[in-house]
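All chains are identified by letter, namely A, B, C and D, in their written order; residue positions are counted from 1 within each chain.
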């Protein structure tokens, strides 16, 4: 591993930028749809932009080791900011743009950011509001000037102005540019390249420090793995602050030299996707789920003939699509039918979704429903799974082409070393491994084993074919009082595969039985309610409806039946459940920004409900505080009903339910 | 920012002067002897009860109606009788109380029609679609795209306006008026039938049009919150007569205005 | 959020009850996606929300003026005084005491004000004297109409037309008036005047009102209860006071950010996400 | 008085009389147009149909005789006895009311809120259907209609007018058909009655309300269906009157339905929405036609009557599109 990184000539991103400008000078580096047209910057143009901004930042006083927060959505200028900051040996710190003021304050304070480069008025306002708590923050630079004209501009700078000052410096003295490039070449691979703050499933987030050589090294491995080149193209729409975006777009883009396209705005992503037709695509399972729903709704509106054609060829795809994709033997007639289907259905469908040119697509972050996964694969989209985390700079395992399964996350990546601990926890060493948590030695130490492996916190095991299967967070995997293994996430995911279940939270560790909270999916259940003539005015009312409860009970029973078939899991079937009176929300701290359930927090917050579940009561009153984005609070109260569910014997036979 | 914009409204040049205008329809007097002026770069509100003659006033300024008496001076030149479509070429554009858009056409095309008066190449040129006409088309498209960006309607660029909600249609209509690059923009109840959110957006756009393009704006509006917050000066009409003229604060304190229109003093 | 207890008790006393109605126009466009609401006897209930949220459609679904616009209630039930009225024609509904005042006033332009008012009594069979008495009563509520009784309605002002439309509805001796956007296009003074009369009619004549209104401020000042519609659904409901104090209502409908009146001059170029639209 | 002048007066009077006939047809149009915004192309055919039915009842004809013969082989043309005139008129009216019901039920109900042009097309369809139905019911031969309306010239009037002529001139008195006079009286009564009905009754008010704003009328509880049945019944009644007059004058034949075309210029002149307008328009057209025939006709070779009315209408369209008495298009300032 060390040998591999050593042989690289370019071990930082600014060096790669210089290389790309030299190598692919006239090839597109970035695109952005502006004024209705895709504006393109070539690698050499991008270098110029980055240089101008970088020099401007330096003029504002940014020095090596300085920290610059980046807040906003996927704009070329914010991507350039990464490179511009790194060129000076300073460290970019991307922050989630939808973070509430409190979270933002924590990150900027902790990172001791002296400058922030932000997208628009919204972010500027947030930072101005936090000014008193962030004495170190000296300059705020913004991209979009809408609404900002009349603001006090002593510490506020338009992006253009900063670049202009950089440009005039470069113009005045040609030596400046040379010095700037020299400084880049002097940069060391061991320098911190970026600090990514985790959204943190518990408590405050941590700053994951990643060094340049490791970032570049990891990206080189995956670029080779998926054979990405400068001819590829991606659409950047994932949060900038998320490791996924930084890795997949920025790091891989720099290494492979491919082009990153930025959508016109959040509402236009679907249209932009179609226009760009990326070759490499990443989306969390929920995005694929949304797409599938859209397709299905559109098909329901279509005429009868269209619907019949669609369903016929979708059956063909279901039968043979994946086999064809994986290059397995398929009868000639099936190939013929599939080709016809491709002409009539799959092709147009992929075109509408913007998937026509996709060569490699990944999903990760959550377990994906097997049907959902198969649907896209059967259309001929090479959708695969990977497993990773911020501390690894994303990849730990990934599925190679032709060895794709819905329930595993793939083989260890090149140069990745994985070990399963005694308690089932997955441990790894990888090229992209983090250098430590920023200003938190203790936490860093906690996360590493004595021999230097990173503890992922996930429990899992290797299947016979060498693929890793993740069942849950290691710390969440517990035991019922009788010693039965209890993997809450595993149960929750099974529940969440039902389209009308939005979230599930399972409890059972150190208890005598398993109980769950459910969140219904308002869209799906709402549609169902309309079809069945059921009145509801709010989420709460719908969630409490007897028919909805009955449906949920059916789902839970189905999950119990499934669990009964798996020897390790059969003991942890669900005994009781309730449907929560509100949707779990990141703003209330119940979900992480990446939409993961914060189980412990929820257990605390809804203690009365848990008590009621385990005390055998049939309903329970609860009042909950809700928080708005700007920090204001409100209250919500309801009476929640609780139901018992039938459980099955391990061999699949019914067992008397208490 | 030009020097003009930094001056307070009262010291700027007069853009439009309405002098002793009277207008009647078959003996019914709609406007009686009204005079006021609109200064360069200001936002001028015209308020008054229903039937006070506000829309007629806009129509007079616009050239829809020809007053029997009085003169209108625009940019220092007395305005001759002219047809409404000439008003657009003379730097005046307007929106209507009831949205007047081409419902089957896309947002883009609707705004593009607003460029009509600025298109120099004739139909034959456009039909041939070559050389200068093509360049011109591209130029206009660019201007329209800037408006689309300005009004934040990128996502509905290709949507037929008939399918848009009311608030967005109003925005498109504003876009079409802006496309003519007017020096004076007349808005007839731009916020009628809008909810708070839509009004806030519209306010923002009106202010931005005013400050970014330096467009002078005359608007008729019933929402006193909007009028008082946005306008530099307000003229109040009642039964075709002017009963008040001044800054929002002056007008708000004017007893005649309170009696005829505001009712209780507005907080 | 609806408290189930009050909902049940109010259901017993409700004059009008809508249960999960869905409305489709032209067999295609879904306008209401399951709206439920209840109007207690003697109440003034406000339907609030943006344009196209479904307020007018809801009123027209009740008065059954939808048919004339090729709209249809495809689901749910509408119960007036305990009777399902979904299939009744508008004139049968007027006979049962439920009359609509349409948006945009819709006076009979070529009829005089007085003739307009008299058409309101079309369905009545209680004799000329009673009608005459009611005409006087309407004039006492709207003295302006008396002044203009012989003018052609088309030539009267917007405010007078609105009064005429309400007065005309009153002539039917209704228990319930469905009032659509009474403030639309009216000067502030007139808006207050008209709502004041609505309040008096409610108090003195016991007329129940269900009103659709864009002007949330004034509507919540006079209404007892409110429903907020968005995208064809009820997203919030509650008594007027609680709605006035609701942060979302304040921000999105009343324009009160935090504690103070926020100026239209200082509007941000972004806004807080609506929780109910998630 | 010179004979020329008397000729002129006679021509004017005759013009007025034939104008009354036009007016009677135009009246039906106005009624329906006012209440429903429909230009009822079938109005002329309704007059024909009414006249056919009346003749059939008067003469005791068996309706659908040909059809019955074709299907059942029963040859029955006549009942053997006719009806008294009054009864026949009442019977015809019943048929016209039934027709109004059917039209509402079968046609109008399904066309609520459609474009005017669609409704217009529907009435064209209705016109041809009624023409066919009339043919099928009563046969296509020309029939004489006599329900005792006085007709022919008046000797008394000829004597009176002969006195007016200057001594020595060979003027033989004015010829004015009693039938025309009767028609004028009937029309006058009809107009007064309709005006009173529309202005002072509850139903009349409702009718005008519907004419103004369908939606609003619905909202105050006016049943459009009732109104339409009433309106079409009245239009049927007017058609019956027109049918009686025209039928008595020139026999009941299918060309009667073409008088609808004559009504069009009358309507343009008088306004589509005005009852007095229909009358005055009819009179102007009638007089204008006769005078034009008398004075311009010889210059252009006659047959002016066929197109003169349309020219007048055209000129009117240019200068006063709402007609002489049509509603002003209310535009608020």
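FYI, contacts are C-beta pairs under 8 Å (C-beta built on N, C-alpha and C of every residue); 3 or more make two chains touch, one makes a residue touch a chain.
Because the structure is predicted, anything quoted here is derived from the model rather than measured.
**Student:** I want to compare two interfaces, B-C and A-B. Which one has more contacting C-beta pairs?
**Tutor:** B-C
**Student:** Which chain's mean C-alpha position is nearest the mean C-alpha position of the whole protein set?
**Tutor:** Checking distances from each chain centre to the full centroid gives C.
**Student:** Averaging over Cα atoms per chain, report the distance between chain B and chain C in Å.
**Tutor:** Centre separation, chain B to chain C: 32 Å.
**Student:** I'd like the Å distance between the centres of chain B and chain D, where a centre is the mean of that chain's Cα atoms.
**Tutor:** It comes to 52 Å between the two C-alpha centres.
**Student:** Taking each chain's centre as the mean position of its Cα atoms, how many Å separate chain A from chain C?
**Tutor:** 47
**Student:** Among all residues of chain C, which ones touch two or more of the remaining chains?
**Tutor:** Touching at least two other chains: 269.
**Student:** For chain B, write out the residues touching at least two other chains, lowest number first.
**Tutor:** Those would be 51, 204.
**Student:** Would you give the residues of chain D that are in contact with at least 2 other chains, written as numbers and ranges?
**Tutor:** Within chain D, the residues that touch at least two other chains are 332.
**Student:** Okay, in this complex, where on chain C does chain D touch?
**Tutor:** Spelled out, the residues of chain C in touch with chain D are 63, 65, 67-70, 89-91, 93-95, 99-102, 106-111, 115-116, 118-123, 152, 154-155, 165, 168-169, 172.
**Student:** Along chain B, where are the residues that touch chain A in the complex?
**Tutor:** 108, 141-142, 145-146, 148-149, 154-155, 157, 204, 208, 211-212
**Student:** Considering only the defined contacts, which chain C positions touch chain B in the complex?
**Tutor:** Against chain B, chain C makes touches at 49-52, 157-159, 181, 184-190, 192-193, 214, 216, 252-255, 261, 263-265, 267, 269, 271.
**Student:** Can you list the residues on chain A that touch chain C in the complex?
**Tutor:** Residue list for chain A touching chain C: 120-122, 125, 146-147, 522, 526, 529-530, 533-538, 540-541, 544, 583, 585, 626, 628-630, 632, 634, 636-639.
**Student:** Can you name the residues of chain C that touch chain A in the complex?
**Tutor:** On the chain C side, the touching residues are 1-2, 4, 19-20, 22, 33-34, 36-37, 75-76, 233-237, 246-247, 258, 268-270, 272-273, 275-276, 278.
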